[in-house]
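Same chain, two partners: subunit A is paired with subunit B first, then with subunit C.
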Partner chain A sequence: MAHQAHAYHMVDPSPWPLTGAIAALLMTSGLAIWFHFHSTVLMTLGLILLLLTMYQWWRDIIREGTFQGHHTPPVQKGLRYGMILFITSEVFFFLGFFWAFYHSSLAPTPELGGCWPPTGITPLDPFEVPLLNTAVLLASGVTVTWAHHSIMEGERKQAIQSLTLTILLGLYFTALQATEYYEAPFTIADGVYGSTFFVATGFHGLHVIIGSTFLAVCLLRQVQYHFTSEHHFGFEAAAWYWHFVDVVWLFLYVSIYWWGS
Partner chain B sequence: MAEDIQQKLEQYRTAPFDARFPNQNQTRNCWQNYLDYYRCQKALDAKGVDTAPCDWYKRVYKSLCPLSWIEKWDTQREDGTFPGKI
Partner chain C sequence: MAAASSSSTSRRVKASSAAVVPGSAKMAAIGRLSQKLLKSAALTQTRQLSAAVAHSEQAAKTWKILSFVVALPGVAVCMLNMYLRTQQHSHEQPEFISYSHLRIRSKRFPWGDGSKTLFHNPHVNALPDGYEQHDH
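== the complex of A and B ==
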């Protein structure tokens, strides 16, 4: 019987890259069909396929790593590089929206009244809900670090408590931001102010939801004894992502909410 | 200063170099002088003083600004939708 004579992971054949690619195709073409022919069937199908792909692909990774021992130190190193590179790409994604914001706000055109905020726009008070949101995310950064140390020190109950608290803070942020969106005196259609505000904060909010979901999966895994005090990369990846989301918010807060008012 | 302004207006040929707007894009130069003219009018009217010095700004913006912009802004001022602060 042949055994592998190396520490790397030669992954078994998997259908999920294909289903993921098909999902991407269905979602994009579905979007076009929705725009032109008013039918959401194709797009919805693509979305369902995407969710199924994500669930099964990541489930398989957990099986390979946690239950089958394929995530040796070199393999874990590769996963770390992967997560870091992904987060770096997300940094560039947000950099674009910050570029757009500064382009329009540093030299406001006559159409806006030559000023920022533009004439007619009443910006949100940065010292009200936005400041609370900042405190919420900063606190969640503390609780996620608490969770990490709890995991490393084998404190199961504390890890579950602090991770739960982190997720609750994330949900609280999302709820607060949702009410802010509902109550705001301006919309995405209100000139370049509305566009830059809602696209930048909107993508950020989406990332908060993604990050909260990632942490929730980690909570389920922690409860089910997946993590050891030495090996818990899934959690670390989620924590890195969560810190990234927090940092993006800090830049949003200082640039758009505070300076931009 | 008032005779100087009359002299300046008489000798006016076109908008002189304004170091505040040194680059190729002169949009802000046009916009600023348009605003300054109407702000000057408003301020001097409020004081009940002769608004002749304001004419400098008018000459400059008339030299620099595209006619369509001036028309658009004049209409906006009449409608009360002019975005600039006067």
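== the complex of A and C ==
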């Protein structure tokens, strides 16, 4: 039987990049079809295909790494680079929305009343739910760090407790934001204030949901003994992503909620 | 390891002084702000620690203590603060003025009658012509 003379991972052929690309096509064209022709079939198909792709692709990665041992140190290094580059790209994504916010708010046009917040807008009190949300995310940053050290020290029960606590805090944040969205006296259709507010916080909320899901998958894996004290990159990637989500919130809070009120 | 435990002691001292600040919302806000700064300072230190391979075996315990003594009580304080502040609110509907730069409907939404936003709340969200009639 032939074996490789290097430490890298030559991945077996896989259909998931293709199904992922098809899903992206169906979702984007499906969105346009929904807006213009009021049919959600294409978009829903795309969404289902996306979920199937994500589940199977990541399941395969777990098989290759945890069960087949393909994630040698050089391979893991590459995965680290990959995650860092991805998070960097997300930073630039949010930078765009912050640019839009500051562009509109630093020089408010006469149509808005020449002031920020615009005339007729009652902004949310930054010292009510938004402050609680800040405390919740900061606390979850502490608990996820507790989880990391627990994993490194082989403390299985503590790792499960701290990871669960982190996820619960993430869910609490999402629930609080959802009620804020419902209770807000302004909507996304309220000029540039509404647009910048809901697009920036909305994408952030989506990232909280993604991050919570990532952490939940890590919890399931921790329970099933996937992680060792030396090798648990999936968890580290989830923790990095979670800290990134926390930092974006801090910028949102200071810029939009506090300065912007 | 000595450095880690002495800095964690200083963290605990700082945390308790922030918790002791009493009274009005402004003072509480300053206390919370210092707690926030404290937490982000702690986070930075953690990231720097994580870069090194060797870890103090006390680290998980330290972060567990931080979680239950600083982080979760901080959340509880903010929950209390939120509850007290929302009690002081009036529950009246905000006045409706038909500004042209608000309640924009250039294109109908692709759901319902196309007029209501996704998180529409009839009590506080007026439609372009005013609040809906069957209001509470």
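In this text, the second predicted complex is superposed on the first by the 261 of 261 C-alpha atoms of A that agree within 3 Å, B and C clash if a C-alpha of one lies under 4 Å from a C-alpha of the other, contacts with A are read in each partner's own complex, and residues count from 1 in each chain.
Keep this in mind: contacts are C-beta pairs under 8 Å (C-beta built on N, C-alpha and C of every residue); 3 or more make two chains touch, one makes a residue touch a chain.
Remember, predicted model here, so these are calculated numbers, not experimental data.
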With both complexes overlaid on chain A, does A:76 touch subunit B (first), subunit C (second), both or neither?
neither
For A:120 in the superposed arrangement: first (subunit B), second (subunit C), both or neither?
both
Which partner does A:261 reach: the first (subunit B), the second (subunit C), both, or neither?
neither
Look at A:112 in the shared chain and tell me whether it touches subunit B only, subunit C only, both, or neither; answer first, second, both or neither.
both
Applying the touch criterion given at the start, work out whether A:131 contacts subunit B, subunit C, both or neither, answering first, second, both or neither.
second
For A:19, decide between first (touching subunit B), second (touching subunit C), both and neither.
neither
More residues of subunit A are touched by which partner: subunit B or subunit C?
C
Touching A:164, do we find subunit B (first), subunit C (second), both, or neither?
neither
Touch check for A:149: first (subunit B), second (subunit C), both, or neither?
second
Which parts of subunit A are in contact with subunit B and also with subunit C?
111-113, 118-120
In their shared complex, at which residues does subunit A touch subunit C?
34-35, 38, 111-113, 118-122, 125, 127-129, 131-132, 134-136, 138-139, 141-143, 145-146, 148-150, 152-153, 155, 158, 162, 165, 169, 181-191, 243, 250
Subunit A partner contacts - residues on subunit C that touch it in the complex:
25, 29, 32, 35-36, 39-40, 42-43, 46-47, 50, 55, 57, 59-60, 62-64, 66-67, 70-72, 74-75, 77-79, 81-82, 85-86, 94, 97, 99-105, 110, 117-121, 124-125
For the complex, which residues does subunit A have touching subunit B?
107, 109-115, 118-120
Sites on subunit B touched by subunit A in the complex:
27-28, 31, 35, 69, 73, 83-85
